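Paired with chain B in one complex and with chain C in the other, chain A is shared by the two complexes that follow.
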Partner chain A sequence: MKTANRFVPFLMLGAAVMFARAPFMIHDAPMESTMGLIQKIFYFHVPAASATFLAAAVCGIASALFLWRRNPAADHVAVSAAELAVVFGIIVLATGPLWARKAWGIWWQWDVRLTMTLVMWMVFVAYLLLRRFGGPGSEVLAAAVGLFGMALVPFIYISVNYWRTIHPTTNVVPSLPPEMAAPFWWSMLAFVLLFAAILIVRVRLESSRAALEDAYAALED
Partner chain B sequence: MSGFKRVMTAGVMVIVASAAALLAQTTSGFEPATNIGKESLPAGPLVYTAYAIVWLVLIGYVFMLWRRLDRVEKELREVAARIGSGKRS
Partner chain C sequence: MSLLRAGWIIARKDLVVEVRSRELAYTTLFFAVACVLVFAFAFVREGRALDDAAAGILWVSIAFSGTLALGRAFERERQNETLKALLLAPTERPAVYLGKLAGLLLLMLCVELVVVPVVGLLFGAPIFRAPFLLASLLAAGTLGFAGVGTLFAAMLVRAHSRDVLLPILLYPITVPVIIAGVRGTAAIFAADPNFDAAQSWLSMLIFFDAVFVTLAFWTFGPVMSE
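Right, the complex of A and B next:
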């Protein structure tokens, strides 16, 4: 944990520099031929979605480890990642409709990817509510919820390829021209660096809370 | 003509007359367009709002996280000091 904490300033600085440069790269990227200016939301919407999926996966893996080994550190990582899944999910669910309003003419469509993304976000909100109000022993039930949340990620990703949907398919990113690929991957890396930094800090908060509880227990003794 | 046939005939004539009146109403409602501007939802405000949301959520969350961490670690140091002073006494 202490080793990870040492990386935080560098991760934060790297993310800050990349986020500062990103708007200029996005501005210089060409407009998409059918959607025009509104397509530029893509450069933050997709990396935010990737960060959400990453958070869900980390939560699921940490939850599985906690259920297997009952390791408190795994539980700290799981609850931290769940919170990040909710935060980055808010970005995805807010920027998506803004893009959809112009591109599709509607704010929201109950198609498979949008609906399942909303459901996954609600699963992690439920995880946090369970941890907050579930009382002692809720960590185990929450871990099962976290696993379920992680299981939704591959379905959400492949859904656009197998169901008739209005949402763009997974072919978009691999087929990006270089002038669009550069700002996209730059933003993606910025989001990943920020995610890593925030996750480490959030885990530190969770560990400190646990230490505080132990300290109060020791004080009472 | 029997009574039933008279009623049926009258009913059909009422229906036909109503349909004709409705048709006349609808066909006379349209006016040819002379100068239509390009109807479009501006993308700029939507793009700026999207990026503003991203920045606000990220900066807001990082700020809140740092405050929470600062508060908890400060309380942890205070409790640790109380435990330490309790052991010494």
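Right, the complex of A and C next:
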């Protein structure tokens, strides 16, 4: 953890520089032939979605570790990742409908990716609600929710995919022309750096909070 | 004592308590029928139900009444301070999970025995068109719902505001059960029934059950230990 903390300023600086330059790169990228300007949402929408799923995966793995090993550090990572999943999820769920309104003519569609993102986002909101209002011992219960939330993703994907779909598939990204791929991967890296920086800071905050709580408890005994 | 035998003893205990008081059976059943009725006012226009409404109403009623039963089943253990005794029993923790799950499953299936004909009656749903397929969908869906629900209801027993938290946690996680159950049942009830689609939804439900009941079975021990 100590070594990870030392990276934070560099990660923050890297993310800040990259986010400052990203709008210029996105501006210079060629217009998409059918969707035009609105397609530029893509450069933030997809990296934010990737960050959401990354956060969800981190939370699920950390929850499983906490559940079986009872390592407090794993719990701190899990709660931090869950918060990040909710925050990045809000970016995805806000940019998605804006894009959909222009591209498909509707705000929302019960498509596989949209449904999956929404349900997963709700699982992590429920996770945070449980931790906030569950009282003492809720971190163990929340760990089970995190684990189930991660296991849920493929099922929603399969069920809604079978039901209906119009969202573009993952094949879009590898087939991007180089002028579009450059700003896309630039944004992607910026989001990942931001994610890593916030995660480390948040884990540090959570560990300090837990240490303070333990100190209070020791004082009362 | 084997795991299954211990589970059976716990399930039998719950059933004996239930047969004597009939609290859960009556309240859950009445709630499920009341749900169907409320939906009937929303989805019946000029004497005819909207397409696919029957399947949706059936599954929503099952999910709502199931949540009620799950909460009550563990609330009873908490009120009588018997949960600790149950967890202290000289058997493996997963046996408690299996026993509770079996008792709740039986209860929910009994409720469905009444709710399905009520939906058939009020919405003109052809419940005897593919009775075996419909029964399998209901059984698999109920197992998935109760399998996740039993774990969550058990672990929330000690939490604050558990009444609100149970549905908040349970509904997002059982979304695949609701989708598969509703779509599968709608495929059977449709004017032009598609049994192949219902069959694939059934396989999807069984797959969900296998993964989530196993996962709940594994997590029950670590979650319920202090």
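In this section, the second predicted complex is superposed on the first by the 207 of 221 C-alpha atoms of A that agree within 3 Å, B and C clash if a C-alpha of one lies under 4 Å from a C-alpha of the other, contacts with A are read in each partner's own complex, and residues count from 1 in each chain.
As a convention for this text, contacts are C-beta pairs under 8 Å (C-beta built on N, C-alpha and C of every residue); 3 or more make two chains touch, one makes a residue touch a chain.
Being a predicted model, the structure only gives us computed values, none of them experimental.
Engineer: Output check: A:I106 vs chain B and chain C. Expected answer is one of first, second, both, neither. What do you get?
Structural biologist: In the superposed model, A:I106 contacts neither chain B nor chain C.
Engineer: Which of the two partners, first being chain B and second being chain C, lies in contact with A:A94: first, second, both, or neither?
Structural biologist: first
Engineer: According to the stated criteria, A:A20 is in contact with first (chain B), second (chain C), both, or neither; which is it?
Structural biologist: Neither partner.
Engineer: I'd like to check the shared interface: which positions of chain A are touched by both chain B and chain C across the two complexes?
Structural biologist: The answer is that chain A has no such residue.
Engineer: Can you name the residues of chain B that touch chain A in the complex?
Structural biologist: It comes out as residues 41, 43-44, 46-47, 49-51, 53-54, 57-58, 61-62, 65-66, 68-69, 72-73, 75-76, 79-80, 82-83, 86.
Engineer: If we count contacts the way the header does, which residues on chain A are in touch with chain B in the complex?
Structural biologist: 23, 36-38, 40-41, 44-45, 48, 87, 90-91, 94-95, 98-99, 101-102, 194, 198, 201-202, 204-205, 208-209, 211-212, 215-216, 218-219
Engineer: How about chain A: which of its residues touch chain C in the complex?
Structural biologist: 67-68, 115, 119, 122-123, 126, 129-130, 133-135, 137-138, 140-141, 143-145, 147-149, 151-152, 155-156, 158-160, 162-163
Engineer: Per the contact definition, I'd like the list of chain C residues that touch chain A in the complex.
Structural biologist: 148, 151-152, 155-156, 158-161, 164-165, 168-169, 172-173, 175-176, 179-180, 183, 200, 204, 207-208, 211-212, 215, 219, 222-223, 226
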